[in-house]
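For reference, the structures are reproduced in the following blocks.
Next come two complexes built around chain A: one with chain B, the other with chain C.
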Partner chain A sequence: MKNYRSSESDSRCVDSILWAFVFLFVSALPNQILAQTEVRLRAETRSSARLPIELKPSQLRDQATKELGQRIVDILDNDLWTSSVVAAYQTEESRANPDALRLELALSRPTGPIRFAVQTKVSLVQKKLTLEGQLLDSATNKTLDQKIYRGCPENLRLLVHALADDIVHSLTGEKGIAKSRIAFTAATGDSKEIFVMEFDGSNLRQATSLKSLNLTPAWSNDGREIVFTSYQRGNPDLFVLDLIPGRMSYLIKDNGLHSAPAWSPDGKKIAFVSTKDGNAEIYVMEIYTKALQRLTQHPAIDASPSWSPTGRELVFTSDRLGNPQLFVMDAEGTNLRRLPIDLSYNDSPAWSPRGDKIAFVSRTPNGFDIFVYDLGTQAVAQLTSKAGSNEDPCWSPDGYRLAFSSTRDGRSEIYSMLWDGTDVRRLTYKGACTSPAWSLNSRPAEEFLCKE
Partner chain B sequence: MFRFHNAKFKSLQTMAAKSTLLIMAALTLLVFSGCPSSKKMTETPISANEPEASTVTTAPEPAVPAYQRPTEEAAPAESAVPFALQNVYFEFDRYDLTPEALQILADNARVLKAHPEARVVIEGHCDERGTVEYNLALGDKRAKAAKDYLVSLGVTPSQVSTISYGKERPIDMNHSEEAWSRNRRAEFARR
Partner chain C sequence: MQNLLKSLAVLSALLMVSCATRKEVVNLKNDSFYIRSQIDSLRAEQRRLRATIVRLTNLTEQSTEANNRLRADIQVQLNQLGEQSQILNDRLEETGRRISNLPSKIRLTTPVMAPSPDTTNSATRVDTAQVNAAARRQLEETQRLYDSAYRDFVKGQYALAQQGFVQYLQMFPESDLADNAQYWIGECNYSQKKYAEAIQAFQTVITKYPEGEKVPAAMLKMSYAQIASGKTAAAKENLAALIKRFPQANEANLARTRLQELPH
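== the complex of A and B ==
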């Protein structure tokens, strides 16, 4: 039997190493800005550097009410601010109830003129809603882009989300995150169920009612399915839940543990951890053929696989050196190498959809905190500190934000923050919420349809 | 699925001459592919695995009755050993067995050998620190470490199965060193 050394003793030196890293990271920044477009774009996520646009009051047609028009502008306002690259400003007459977002807005009003405006038009005829969005050049009033969204009052939020994402895409080439959702697990009595909410915590709903342990959810690329570990039959097996009919099917059931699934970027494979051959190893399954490939061969624990956005590599946790550390391997299991992160207990890696960073958790005197490793510079930055235990980081589909679980307000809740640790927002108020998983920016077509 | 084939091949090798091996293998493949294909692919390996698993685990049994027979014959001795199994505890982030754990498992092995009809599941548990995913794997390691040692002491492998609950089923809900040490355990449950 192997004797693995405990890592508890050497966490004292973490702080000093960290400060050294933070210093290196900061002093390396100006060069990076010149050298990499990606980093320069990230600098623009500060609200002062966002692209400002003006939100005009919605034009009302047919049976559309003033309330409906204001709701559209308010949802759009919130969506665009959460995009990280656009700053939205409502015109004076449409600023009915100033809330936290508008306070932030008031503090960071742009100094120069606002060059773009969004004009929405809404009509309501026999419970059918038509939303038109126009992107205008403020100086010339010329239409730069225009789109129409059809639905009904019940899916108004989703229609506005789609408009917000299209505006962000037209202006910046980024995809936006307004249509994305976050799945997570929360305790309900003795069991844990999967819950789903929108990117900002709204529209929370329970996705499973299995009255068993249901853990480690992960999204399909089309935002339609969630793969997760369920003890429904007693053994930890992998299930796939199709959210549209709400139907579950087995992905794999075998002897042993099956957990930590991760959908590949091309949508064709799922990486996961299994002990079916006796030890915790990482496997990849082709979804349609169910063909299995084993990627790791080591008597230690291999866990928590996360795909690179190209699908060519995976980052995972292994305790093969005596305590949990992060390793990268090619998608075939070859070319294994350890990430040179000088912290003693690192786990839960999440590869940014931009490809340049890996978020992870590391043990600190307070519990766990979230860190980011930069693949280009090998710099490590600590994003959370002295605010409860912070775990399970996962990236927003645009790579600007991270969702995570934290005990900073007592019980474990889901939060999101910007990639640099600022702009922390609490998303849940349930208690015992863990394992957030952020979907891509896509929704199944059925969700845009009106219910008869 | 791979396991099914390997096990099949192994048993075939002992039973059949090597020249007929290929034909037999081809036949089993034909039979296998002849299974109702309308059924989900996921379900076939399970139904196929169960008989395999039992033949694999019963294979070493000819050796086991040597241990079992004396206890079976000594019926009064059996009832003299009460069916009580103790938990085994672990250090933080470790799955090797402490000297104390080895002692407890030796006692548990005596109980299990005195009750060969009893089937138990060893549940591997962790404290609340660390991720859900890592702790699931760690719990699995702990349960298997306990099982492996019991088997090395002569307990029939099929008597003992394992499952990991990671950090999902703490017995002490507090957030102290004491609570954590109580939660890092392999627990025995009778099936």
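== the complex of A and C ==
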């Protein structure tokens, strides 16, 4: 294959992405907003990639308490900050001290003037929660968008997450990530189990109790199921865990090793590595028919498949050229190309949900570090360095963040960072946490229902 | 005696009334003083209010003026924006025109790119360097067009990607990546389940670039497209031909598996 060139400077990539953000803001805004604020919008998007919005104190109705209102605003604040595209401010306090807000804007969070506001209204009647979210134009106080969410106090976080994602979508046309979750593997005694937490590390819970080795989880596209490798039967097989009833079933149990499953974006297929025919090859299984197709046929080791967001291609690792390198093939197993990455030991590729980037790890003197390859420019950017060993990158559903495991604080923990390597946040405090998998921002409808 | 008592009572009653009247007069005096002072303070207040009104009127006039200025500024900025967007549009048009003119330019520059052996003077060397730089730029441009078409493909913009690869082939029909571009045209159609168009595009890869490295992949995908559109017999023939021609290729293994799955 001849269609790749050597790397280019990374800064060009950063510039073009920033402009892509700017373009998205302008193009995705509802027409009426655009018409009102065309002039200011231009000045603002140049100076900053985040759109600032004011969070007004929640209006309380019926038996809703002040604490409940404040909790809603706090959750919303955190959700919107992690979305990477908007910047939320609680201005209740800053009204008494306007300089505080100005200072915050000027120093820590570089953004333009606040043009949008979110007004929440909450009521609580006989343990039924109604949350109303309104997106307002700050200048005219005109409602631009509004939505009502109904549930129970116990699923308050999920209702606010849904509101946060809707605000992000309404303002920028981008998917929010507040409803998304991260699954990972962590040691519990002698065994390793699958754990699930929210996008920011909150609400951590153990999803399996199999008292065996359970590894490499991957989410279904509806956020309801997790496929993973389990040694429950002694042999590494693939299991599917349905999170709603908490029920497990076999996907494949056969001779040989089965690992590194990856759910296709349409939810119909799972790609994985198997040695059932003697050598590590990549297979794809149709979930409903259980029809199996072998995609690679090579005496070398082929491993770590990851789907492109369209499901038309797969990136994977192969040592067919002597050391592990990244290759791309189409979903039928043909049109194979090596990615021209000028590093000697590359593994764990993850295709960005935006399509244009592939995150991967490469061996460095510290162990491993995380890199990103740009499919459009062929540029390679190093995202982590000199901070422990950093492995298993996976993308947030909006393609702005990466979750990964790192030994930078001693034991292996899960972290997340922006796509350019900045804004690193530690998500776990358990030790021996590996293989994070970030779900899409969809949640099964059952999770919104009240438990009777 | 009784009369005396009566007159005493009347007298005391009268005395009380006169006392009351005197008290009232004092009260009235006090009240009128109070009212006068009230009026004075109200007058002062009125003066202050009048002054405030005058000040406010001035302010309003000023702010109206400022508003008008602001509105005018915004209008100017809007006009500038309109102009800028017009410039951008023009630039876009110009770029499009330049791209469509590129093939003719390439044909024009091609003979110059192979300098004859007798060109040894320094002036010609400079020319050669310039030509080399131009060739390099052209190569970069070629690659950029190809890459941007592929980027559209990975983002699922199949129609746009196909358009890009077609344009690439029109502009650089002799490039190393021409067979790849032709293959991608097939793949864009295959991804959209346009199997007839896909079969045609893959067939072009096989016939137009018989020595190209994309031939086994094109043969396989053409067979898959035939299977998907119900042309099983033709697909079987193609798969068998693929196995015979490239027995060692990964595509041959995939073809063998697929042949076994097909009804006999």
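By definition in this document, the second predicted complex is superposed on the first by the 384 of 452 C-alpha atoms of A that agree within 3 Å, B and C clash if a C-alpha of one lies under 4 Å from a C-alpha of the other, contacts with A are read in each partner's own complex, and residues count from 1 in each chain.
What we mean here is this: a residue touches a chain if its C-beta (ideal position, glycine included) is under 8 Å from a C-beta of that chain, and two chains touch if they have at least 3 such contacts.
Since the structure is predicted, the reported quantities are computational estimates derived from the model, not experimental observations.
In the superposed model, A:150 makes contact with neither chain B nor chain C. Once chain A of one complex is fitted onto chain A of the other, the partner contacts of A:323 are limited to chain B, with no touch recorded for chain C. Within the superposed three-chain model, A:355 lies in touch with chain C and out of touch with chain B [touch as defined at top]. Touched residues of chain A were counted for both chain B and chain C, and B has more of them. After overlaying the two complexes on the shared chain, residue contacts for A:260 are found with chain B alone; chain C is out of touch.
Of the two partner chains placed around the shared chain by superposition, chain B is the only one that A:249 touches, whereas chain C remains out of contact.
Within the superposed three-chain model, A:338 lies out of touch with both chain B and chain C [touch as defined at top].
With both structures placed on the common chain, the touch criterion links A:233 to neither chain B nor chain C. Contacts of A:275 after superposition: chain B is touched, whereas chain C is not reached.
By the touch criterion stated above, A:310 is placed in contact with chain C alone, chain B being left untouched. Chain A uses residues 1-3 to touch chain B in one structure and chain C in the other. Chain contact summary for the complex, chain A toward chain C: residues 1-3, 5, 38-39, 42, 293-298, 308-310, 312-313, 330, 332-336, 354-356, 375-378.
Chain A contributes residues 1-4, 6-8, 185, 192, 213, 215-216, 229, 234-236, 249-257, 259-260, 273, 275-280, 289-290, 292, 301-304, 317, 319, 323-324, 345, 347-348, 361, 363, 367-368, 391-392, 434-435 to its touches with chain B in the complex. Chain C contributes residues 74, 77-78, 81, 143, 146-148, 150-151, 153-156, 176-177, 180, 183, 187, 191, 213-214, 216-217, 220-221, 224, 250-251, 253-254, 257 to its touches with chain A in the complex. Across the complex, chain A is touched by residues 1-3, 40-43, 45-46, 49, 53, 91-97, 129-134, 136-138, 140-141, 144-145, 148, 163-166, 168 of chain B.
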